[in-house]
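Consider the two complexes below, in which chain A is the common component and chain B and chain C are the respective partners.
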Partner chain A sequence: MMIKSPKVRSTTFTYILFLLPSFLLLCIFVFYPIIEAFRLSLFEWNNPSRAPVFIGLENYSNLFADGRFLNSLKVTLIYTVGVTSVSILCGLVIANLLNNKNLPFRNFFRGLFFLPTVTPTVVASMVWIILFNPSYGFVNTILRNIIASPPNWFSDPKWALPTIMLLGIWRRLGFTIVIYLAALQNIPREYYEISKIDGANAMQSFRYVTVPQMIPTTLMLTTLGFIDSFLVFDQVLITTRGGPGSTTEVVSLFLYTDAFTLFKMGKGAAISVVIFLIISVITLIQWRLVGFGSYEDVA
Partner chain B sequence: MKKMPNSKILNKVFLILIILPMVFLMVMPYMWMITASLKERGHVSEPPYLIPTTFDFSNYSKAWNGAPFGQYLTNTIFVAIAVVFSRIFFGSLAAYIFAFMDFKGRDLVYFIYLSTMMIPFYAIVIPLYLLINDLNWLNSYQALIFPRMVDAFAIMLLRQAFISIPREYIDAASMDGSSHWHTLWKVVFPMCLPSVITSAVFSFLFIWNDFFWPFLVANESNLRLIQTGLQAFTGRYLTEWTYWMAGTVIASIPPVLIFVFAQKYYISGLSRTGLK
Partner chain C sequence: MKKIARMIGFGLIMAALLISSCTPATPVEEVKTETQAEQPQAPAEPVTITFWHQYDKANAEMVDKLVAEFNAANPDVKVEVVIQPSYDEYKTLLQTSILSKTLPDVATVDLIWVPWLVSTDSVEALNDFISSDSEFDSDDFYPLQLEYDNIGGNRYALPMSANNMQVIWNKDLFKQAGLDPEVPPKTWDEMKAFAEQCQDPDSGIVGFEFYTQPTGEGITWQFQVWLWAAGGEFLNEDNTKAAFNTPEGLKALTFVSNMLQGNGSVAGPWGAFGEGKACMQLDGSWLFGYRKDAPFDWGIALVPAPEGGTSATNTGGERILMFSSSEQKEAAWKFIKFMTSSDVQLRWDMETGFLPVRKSVGENPKYLSWINETEPRLLPFVEGMKYAHTRPATPLYNEVSDAFSREIQNAFLGLATPADALAAAEKAVNDILAK
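Up next is the complex of A and B:
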């Protein structure tokens, strides 16, 4: 015991020295704010020069009676489901094409598909604004050769959200392709050989070998995609600011407007908590489906 | 020389024909953006659209002079270096504990660290903003750097790399009387450079592409980062699309270069956000 004690002390010291900085930073900039968000959501605080007033759960009951908030949830959900499902479907098909050994320049093509994913959202949004400009944009210039009056995209209540979704899909596709490619390369070759021996054609072996093997990856991409898309903000702020009307007002933009332009901090905190709970539920589903191992081999 | 069977060539042509339209859709915005950035002012809506035939670089100098882009770039690179460095430094320290030290509750602490990845930024943004305000850090580099100094994803990447090092190296080092500090930086860290590069690439791209937080806390001209700068620039030059596109090309170059030259590291990191 006497001999051991200096070593024990030095080890404890190491723990503290090594772990304390990151732990303190996380406490100050993550754990404190999340707890504070819960606390603040119980207050009404609409004026920076006055003290917050405790109102219990009133912010929440107001929120769920607020048509604009419910609308923002609906818009976000449409965006999320659309972007996630289309990028998964197209990603699966394209990853299979890119996985085909007969395709020349595979790595080059893969790189091109991935390019939008590393493109900054602000850049992509600006390009989108001009591409889809009703009178001068490239898209309508081309479309006018085919149909008489192409849509006004961002300023059309029907088309504004789909146009932003298209941007989301364009940026998301590279990610799903990369993940699917990695998963495809993990399928044992023998599975395909066996299905060939059994007389399956390419379509059938895709249906009966590839697709079932892709189920875990697809579940994971669904939950990851849901989380990623649900938090969309930059694209909407830059292209439409939620308009026309509130047809593209996603929930993060609603939070931004109420908290940071109208200074309704208590209400904003309640929106934060709702976002947090929704994302937590999805994360828990993710852990149930693919295990925490999808993030790391913790256990 | 063996002749290729016809069916194989057909197969190749067929595959290319399927994939080309999709590649075109993905790349078209880029081709258009570069072409537009080189057109004469006011000629954006005239053909040709996707392949530059005029090379009017004045848009670039106009954009560059129309907003303090030099300042934006300096700010971004300064903040990015600070964030990358501290995420790797503090991340390595924490990862070392999670990889090599045994103590009761270690896995729980690690789990708590990782769980921060699941907290959406919008859930904490209001208290964080108020905190920065209370610290008098609005419109300061501190606001852009401090909340970003630790990243659980970097810790996870580094820990994964650390645990793959054979235990004998660590034991041998401590037998030789090497302190943990020394073992970490002289033995473990140099063996894990690929993961270090991966987390550096992720952190750099994160700062480079970041918009919402800088937009909230540092949206003054001399403190803007590249994306907030670009956004402010478009507000000032509302329909000057050739300038816009010059600006977007400037802001896209570093991420694209990083992707081209560090693709291996980037992809390996990405696959680890999702796969076992």
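Up next is the complex of A and C:
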């Protein structure tokens, strides 16, 4: 204690004091539940009045033998890859268009594209349900003039997942556009001038200047998009509740159904641990690829 | 610091996921209704009992009115009402309340939850209260309503409200399609023929709206009507095995699945009928709450019977019960007795449109003349009670229903033949019951 000057000691103390409240909250509401989830996943607990029974890794072995669980992973993966890739591709193109200084009403369009991102999921899903209703929905009312029998969207095993993915893309797009717009502002103007001098047309300067400069941002958007989409829940719960059949049953909905409506807490904990591990691995890969500080460009 | 902030942010994302899956969901916001009645000069402090129920709108107002009357008439007891408006969250809340020992004294629940609640050892058996209470006549309840809550020789709950499903048809759409708007289908063949004549895919009009999604009890409980009408059964006598994979079960599933392939119906989200886009559907007696002011003319008819068979329906409803954690069991019993008494039930049914659970209400001339004068369309529901079946009283029912609906959907959607879907459902249900 004597070696530290009173000043250093008081600053350290101040740091700790400021960090303490949030640290305690994190301990109670984050770290403790995480540990508890790992513990609970080793138990069978299907009746709230009975004590949980220790069954080792049986929840996990049951899960990986359960066709419904594997199917839910597959559905989630299709959703995640589709939503992430399409929202990134379209986001990059639209961000470039919106970055064009000659575009009239530029700020209006920027606001318009960001609107879905700040719309609550529940509201967006309700709107989607009405739009895509087979009987009186706007989409089919229009389509009936063009084709004989438009699909039943949320009720058609082939169309339900793409319809939900479209909703996910629509909501995700605003976010990717904003991030790309910020990244585009960071490209030194000289690069474009040089490419112009070298005789590049607009397409070529997009391909050889813009795209390479966007790689770190794209990697970051891929990871964030992957994590966000992998946890997709509310829009599926509201639109299809996993149906028709199990064609849109994503993994978090599977967890919700079994843990909360059927009270299989051990199984639910095991599912959440699996999701935790999958997302951890993806995040670690991203950290290795672009480093921990790669948000610098956009943050 | 930025790095730390990011790490914490990352931790939060993951933790949010785990929290959401591992800790009890936040209880639904409790809506407390103050009892309006002033306490008359009570000699001692009245005992307070908490009562949870899931009735909404006009029905909830009627509950408040009845509770106020009870409080006024019983100065020694004060009942506090809490509404639990969301079906799914109510069940989650009951689960967490069992864990945290914060159950109310008395509650009404969906009748299919009773066996499950009893399996958690949290429900008080009412045998002693009933046998020691000379005023209480349990023979007055309809046997179908009463036998459901007899579990292991004990009575755990009493019927509070009952309903069943019949066919509602849109007379305007019938007329438009050239059908007689006053003649509903009586047989399955008629039902299919009417539906085919009435449907109009070009305007999105469905002939008969079946409940095809989402997965869960909605599908199961509506399909059971067709299963029972075909002469089938859902589970065996002692609820240990599936009993629907029979020629009767196949007949029912083939009938429904066939219609759903564009022959009078298509799979779709529930609600087309209310939008005036379906000619017929099955709906419960609670429909008077929202169909009274429908912008189209409608009628109610008994569920059509298969050729040479009889009509059938599924009876649902709510049960009132007492939790064993209650410290005021005498007061709780007094309240349960009040809510299920003949007088209260008569007024309750006339106010809400629920169907009688007591003979002294169902056969009461006052009740019958009320129906004839104010709402004759209730008659098929009252008459249909004699064709009503109840769902099996097993604590595993929710899980069974979930699995069953998942499999038969494949037949509805044309992804599996009815025979294959039934076999898959039988296997799934038997796996659950074998545990």
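Assume the second predicted complex is superposed on the first by the 276 of 299 C-alpha atoms of A that agree within 3 Å, B and C clash if a C-alpha of one lies under 4 Å from a C-alpha of the other, contacts with A are read in each partner's own complex, and residues count from 1 in each chain.
What we mean here is this: contacts are C-beta pairs under 8 Å (C-beta built on N, C-alpha and C of every residue); 3 or more make two chains touch, one makes a residue touch a chain.
Keep in mind that this is a model prediction, so the values were computed, not measured.
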Contacts of A:I215 with chain B and chain C, given as first, second, both or neither: neither
Touching partner for A:L89 - first (chain B), second (chain C), both, neither: neither
Touched partner set for A:C27, first chain B, second chain C, both or neither: neither
Touched partner set for A:S49, first chain B, second chain C, both or neither: second
Touching partner for A:I279 - first (chain B), second (chain C), both, neither: both
Contacts of A:L97 with chain B and chain C, given as first, second, both or neither: first
Chain B versus chain C as contact partner of A:S155, first or second or both or neither: second
Touched partner set for A:G245, first chain B, second chain C, both or neither: second
Dominant toucher of chain A (residue count), chain B or chain C: B
Touched partner set for A:L131, first chain B, second chain C, both or neither: first
Set of chain A residues, in rising order, touched by both chain B and chain C: 22, 26, 29-31, 33-34, 36-37, 40, 135-136, 141, 227, 231, 252, 255-256, 259-260, 265, 268-269, 271-273, 275-276, 279-280, 283, 293, 295, 299
Chain C-facing residues of chain A, complex: 22, 26, 29-31, 33-34, 36-37, 40, 47-49, 129, 133-136, 140-141, 144, 149, 152, 154-157, 227, 231, 240-246, 252, 255-257, 259-263, 265, 268-269, 271-273, 275-276, 279-280, 283, 292-293, 295, 299
Chain B-facing residues of chain A, complex: 10-11, 14-15, 17-19, 21-23, 25-26, 28-34, 36-37, 40, 90, 94, 97-98, 100, 102-104, 109, 111-116, 118-124, 126-128, 130-131, 135-138, 141, 170, 173, 175, 178-179, 182-183, 217, 220-221, 224, 227, 231, 233-234, 238, 252, 255-256, 259-260, 265, 268-269, 271-273, 275-276, 279-280, 283, 293-299
Chain B residues within the chain A interface of the complex: 8, 11-12, 15-16, 18-19, 22-23, 26-27, 29-30, 32-33, 36, 44-45, 49, 90-91, 93-94, 96-97, 101, 103, 107, 109-111, 113-114, 116-131, 146-147, 149-150, 155-156, 159-160, 179-181, 184, 205, 208-209, 211-212, 216, 226-227, 230-231, 234, 241, 244-245, 247-248, 251-252, 255-256, 258-260, 263, 266-267, 270-271, 273-276
Complex contact set, residues of chain C against chain A: 2-3, 6, 8, 10-15, 17-19, 21-23, 25, 88, 91-92, 95-96, 98-99, 119-122, 201-202, 204-206, 212-216, 266-269, 271-272, 275, 277-278, 398-399, 402, 406, 409-410, 412-413, 415
